[in-house]
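Beneath this line is the structure, given in structure tokens, with notes to follow.
A, B, C and D label the chains in the order they appear, each numbered from 1.
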Amino acid sequence: MRALSEWLPHDWRQRLYIIIFEADTREGRLFDIALLIAIVLSVLTVVVSSVPAVQATMPLPMAILEWFFTLLFTAEYIARLLSAHRPMRYALSFYGLIDLLAILPTYLAILVPELHGLIDVRLLRLMRAFRILKLTAYVNEAGVLSIALYNARRKILVFLGFISIIVVIFGTLMHIIEGPEHGFTSIPVGIYWAIVTLTTTGYGDVVPVTGLGKAITGFVMLLGYSVIAIPTGIMGAEIHSAMRRKTVTTRTCGQCQTEGHDPDARFCKHCGSKLGPYQTDSTPPPEPS
Amino acid sequence: MRALSEWLPHDWRQRLYIIIFEADTREGRLFDIALLIAIVLSVLTVVVSSVPAVQATMPLPMAILEWFFTLLFTAEYIARLLSAHRPMRYALSFYGLIDLLAILPTYLAILVPELHGLIDVRLLRLMRAFRILKLTAYVNEAGVLSIALYNARRKILVFLGFISIIVVIFGTLMHIIEGPEHGFTSIPVGIYWAIVTLTTTGYGDVVPVTGLGKAITGFVMLLGYSVIAIPTGIMGAEIHSAMRRKTVTTRTCGQCQTEGHDPDARFCKHCGSKLGPYQTDSTPPPEPS
Amino acid sequence: MRALSEWLPHDWRQRLYIIIFEADTREGRLFDIALLIAIVLSVLTVVVSSVPAVQATMPLPMAILEWFFTLLFTAEYIARLLSAHRPMRYALSFYGLIDLLAILPTYLAILVPELHGLIDVRLLRLMRAFRILKLTAYVNEAGVLSIALYNARRKILVFLGFISIIVVIFGTLMHIIEGPEHGFTSIPVGIYWAIVTLTTTGYGDVVPVTGLGKAITGFVMLLGYSVIAIPTGIMGAEIHSAMRRKTVTTRTCGQCQTEGHDPDARFCKHCGSKLGPYQTDSTPPPEPS
Amino acid sequence: MRALSEWLPHDWRQRLYIIIFEADTREGRLFDIALLIAIVLSVLTVVVSSVPAVQATMPLPMAILEWFFTLLFTAEYIARLLSAHRPMRYALSFYGLIDLLAILPTYLAILVPELHGLIDVRLLRLMRAFRILKLTAYVNEAGVLSIALYNARRKILVFLGFISIIVVIFGTLMHIIEGPEHGFTSIPVGIYWAIVTLTTTGYGDVVPVTGLGKAITGFVMLLGYSVIAIPTGIMGAEIHSAMRRKTVTTRTCGQCQTEGHDPDARFCKHCGSKLGPYQTDSTPPPEPS
């Protein structure tokens, strides 16, 4: 595998590496944006070509588009292999495997047409958007959200455990009360109904018929309607404190060591001594327009 | 076009301008409120006359009402053209075009009856409500909301991007699992189903039939039920801090006249001089009635 | 009318007044609770007797119960008239009229059986629960909620105005796109669909069929799913500050005049001087169990 | 009953007690986790064996699994009885009765096959998860949530009372307006519809047909859509203050050893002595990955 990269002069490899794998340079950023656009367009092609009317009326343009993106991504894959410091490591990484899986189906379909359905795997490349996110101005916002989610993870697990128990108990209850003749054919169907009801989705494909069933349904809906306040409250409090930590606590008074001074403060509000200049890279709040 | 405004004596034009385009004067405010009422009534006419029973039983009163509002808005449009400092600029502005589009269909329908359906364009005049909003006591509240939305814009975009990827992946998955025989005829239909399910809307027009499909549906609903905590938490924190920034601005430093000091500050954070005791002048909370 | 109250000795009237209209005494509180129970039971009777099976199998017990509550409420109504300082004023007040309307239908149905359906008016007496609420330990909690609602009223109106415009515009759009053949028979039906969709209720009785209609539906659902963050954020921030004002800001340091000391503080956290004893009637926070 | 425990040597009983009833030791924790896994697996068996296809194709493996868990839980029940300090008290406690009810149906079904349906009672053992929760790292998170729920209980009751009155009034209104011919056969059905609509669940099994009914429906949905902000706001504020109280408790006064001082406090609020500089030991926020 290492032999692969020998084909290319060393400085070309270096240049390719910077463009493809790094993102702080102008070229790296352009490459990332172009790649994201190509991925979104290729996904759009997959989505549109699944429509029966499109498949029937214009199979050729769709096939051309599919081959265009396949060849483009193949070139990208080879370039990544050539320029990576450890090609094998990239090839076996999570993103490396997805990159390979995104191009294989088109080639395999030549030999085994049945495998063409695997083209949908290409959608997984959308996850590269998460990686690209890191390299842009959105890193701060994604950071606040991920800190909040990280801090809230245990509370959310406790909440989901609570929801699971409720859903299993009420699903079983309705299986007993309504029975198979009203569509609650098994406990899993009852649990499916309980989730549909508790989340206030309400498909209406499984619905209570008896009076008692309707009363329980009302209770489950009101429960779901009230209980949503819990994850909402958790995330609200966590995002609030994650945002606050981001904005304020970094600024400390040199004199009295108090923290949490406003970005626009020039003097310590506790002891009145002068503060050092405030340095941050966050956008200043807009004037009310 | 400039010639148009020559028809009117200069002081009349001036007077008209103040009434129509300005809102700080008593007359300007009355005009804005009268206009808003006329717009809402004209929209109501359009809405009501679309009901088949109304069209069948009383076409004449509806036609009279339509012509009444058309002539009223025509008069308003001409008055705006006459009094505007730069009539052409108004005519080509966003609101100018909507004002024109709102009256054209009735006239055009005399020549080409098919164009009468365009009368619905009149609804767009409702957007003037946003402009009128700015001129009233509600400007503060709209200000807090728009600051919060502005500050949250990136977090909301990150969130919507995340939702889009989830919706495309699960829509494709269900297209594969359930297939056309259960209503998931294409990936776009699958994405439509995923949005209906994730937002916990639950029409019930496309519904899983297989056990695996139901299990995935349950997961998507629980995801949507939990994930709504994210935009809610974002907006909650942003509105909180937008309101807080609004609240504190009443505290002014006696020395440098800067506003917005924290309630617990003892020294001015801008010039370092001691602050007076904090006295709030915010509206006192009402007694529970 | 004044003659009515002459029938009763003065001290009896006085006693009745205290029991019926006041709530700080033990007897007044007992009367209010007994009345609330009677109202809830009478409403239950109305609700249960509307079930066809109940009407068919046991019309007599239901009639007895109805007459029992009618006579009870008639006695209460006469007692109120007799003991009120200004009987006429009570009789014409909002609650006085509801009290009368709650007993009239049973009597009128003797003469005109068709009027019996008006018995449902009795439900309106449930609103007395709001008045009784004021007299209990819940007054504080209801106070926080009503302060929050009062402070948020303008923001909520701005929000509802925004929702109304969206609903009218999208309802009209779908009426044009889907048309009567897909169930969108008029603009009001379109608006009904838009509300069902934007609030993520999703009955499924009016549903898009065309591709463009489904795409717009997806957009409206995502809008509704995100936009709910706005009222939620508003109320969250308002309840937060209403609760905070209730809990903390009342406690001031006598020495340095700082406000917002914790209920369990004994010394000022800013200047270290002793605080006066904390006096409040709110329940102390429970230990984590 | 006490005789039972005589069968076992005293130090064995002691050991068993520590493993089964205590959770601070390594063995106790392992036992709790193993028990939780066994409960979840037994519930899964009950759920899966309710599917008609499973009952038809493999009744034997399911019967074996059921007997396996029955014998396992029987052994656990006997061990609890043997090792408990007061066996009778355990046997009559809430969890003791559930433990017994979870094993009885399998044995009873030998004599009376009809009683086999009671096997679903086994689901109630899932509630042990709440007890096990207390003994793990999740105790803090569950604590914050339960403090918040406890503090919010009265506000939530006021809210549920308000919702109940709305639901009864609108359910009755729609029963009158739409009538039995459109599916609103009685007031309870109307209330069921009102809950389905207000919580934005929207099954679509009972749906308005008349214009007035649709207008009221739109109002109820918008009400439900806005009103959810109230429980959400309540919980948000309560979780926020519960978390805050939790956060600050790490700061301890060197003088009087009290905890829970505010981050910006300079003097102990309990004894008035100067506090050391604030150093947080909370988990540092993770780097955005």
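Rule of thumb we're sticking to: contacts are C-beta pairs under 8 Å (C-beta built on N, C-alpha and C of every residue); 3 or more make two chains touch, one makes a residue touch a chain.
The chain lineup, named per UniProt: A, B, C, D = Ion transporter.
Worth saying up front: this structure is predicted, and the values here are computed from it rather than measured.
If I rank A-C and B-C by number of C-beta contact pairs, which comes first?
Result: the pair with more contacts is B-C.
Check the residue numbers that chain A (Ion transporter) and chain B (Ion transporter) use where they touch, and answer same if over half are used by both copies, otherwise different.
Looking at both copies, the contact residues mostly diverge.
Of the pairs given as A-D, B-D or A-C, which one copies C-D, with over half of its contacts the same by residue number?
Equivalent chain pair to C-D in A-D, B-D or A-C: A-D.
Rounded to the nearest whole Å, what is the centre-to-centre distance of chain B (Ion transporter) and chain C (Ion transporter), using the mean of the C-alpha atoms as each centre?
29
Could you work out how far the Cα centre of chain A (Ion transporter) sits from that of chain C (Ion transporter), in whole Å?
Whole-Å distance between the two chain centres: 41.
Which parts of chain A (Ion transporter), given as residue numbers and ranges, touch two or more other chains?
142, 159, 188, 191, 200-204, 224, 228, 232, 234, 236-237, 240, 270
Using the touch definition from the top, list the residues of chain A (Ion transporter) that touch chain C (Ion transporter) in their complex.
200-204, 232, 236
Per the contact definition, I'd like the list of chain B (Ion transporter) residues that touch chain C (Ion transporter) in the complex.
Residues 43, 46-48, 50-52, 117, 120, 123-124, 126-127, 129, 133, 137-138, 140-142, 144-145, 148, 156, 159-160, 163, 188-189, 191-192, 195-196, 198-205, 224, 228, 231-232, 234-240, 243, 263-264, 266, 277-278, 283, 285-286, 288-289 of chain B (Ion transporter) touch chain C (Ion transporter) in their complex.
Name, in rising order, each residue of chain D (Ion transporter) that touches chain C (Ion transporter) in their complex.
These residues of chain D (Ion transporter) touch chain C (Ion transporter): 143-144, 146-147, 150-151, 154-155, 157-159, 161, 165, 168-169, 172, 175-176, 180, 185-188, 191, 197, 200-204, 207, 211, 214-215, 217-218, 221-222, 224-226, 228-230, 232-234, 236-237, 240-241, 245, 260-262, 264-274.
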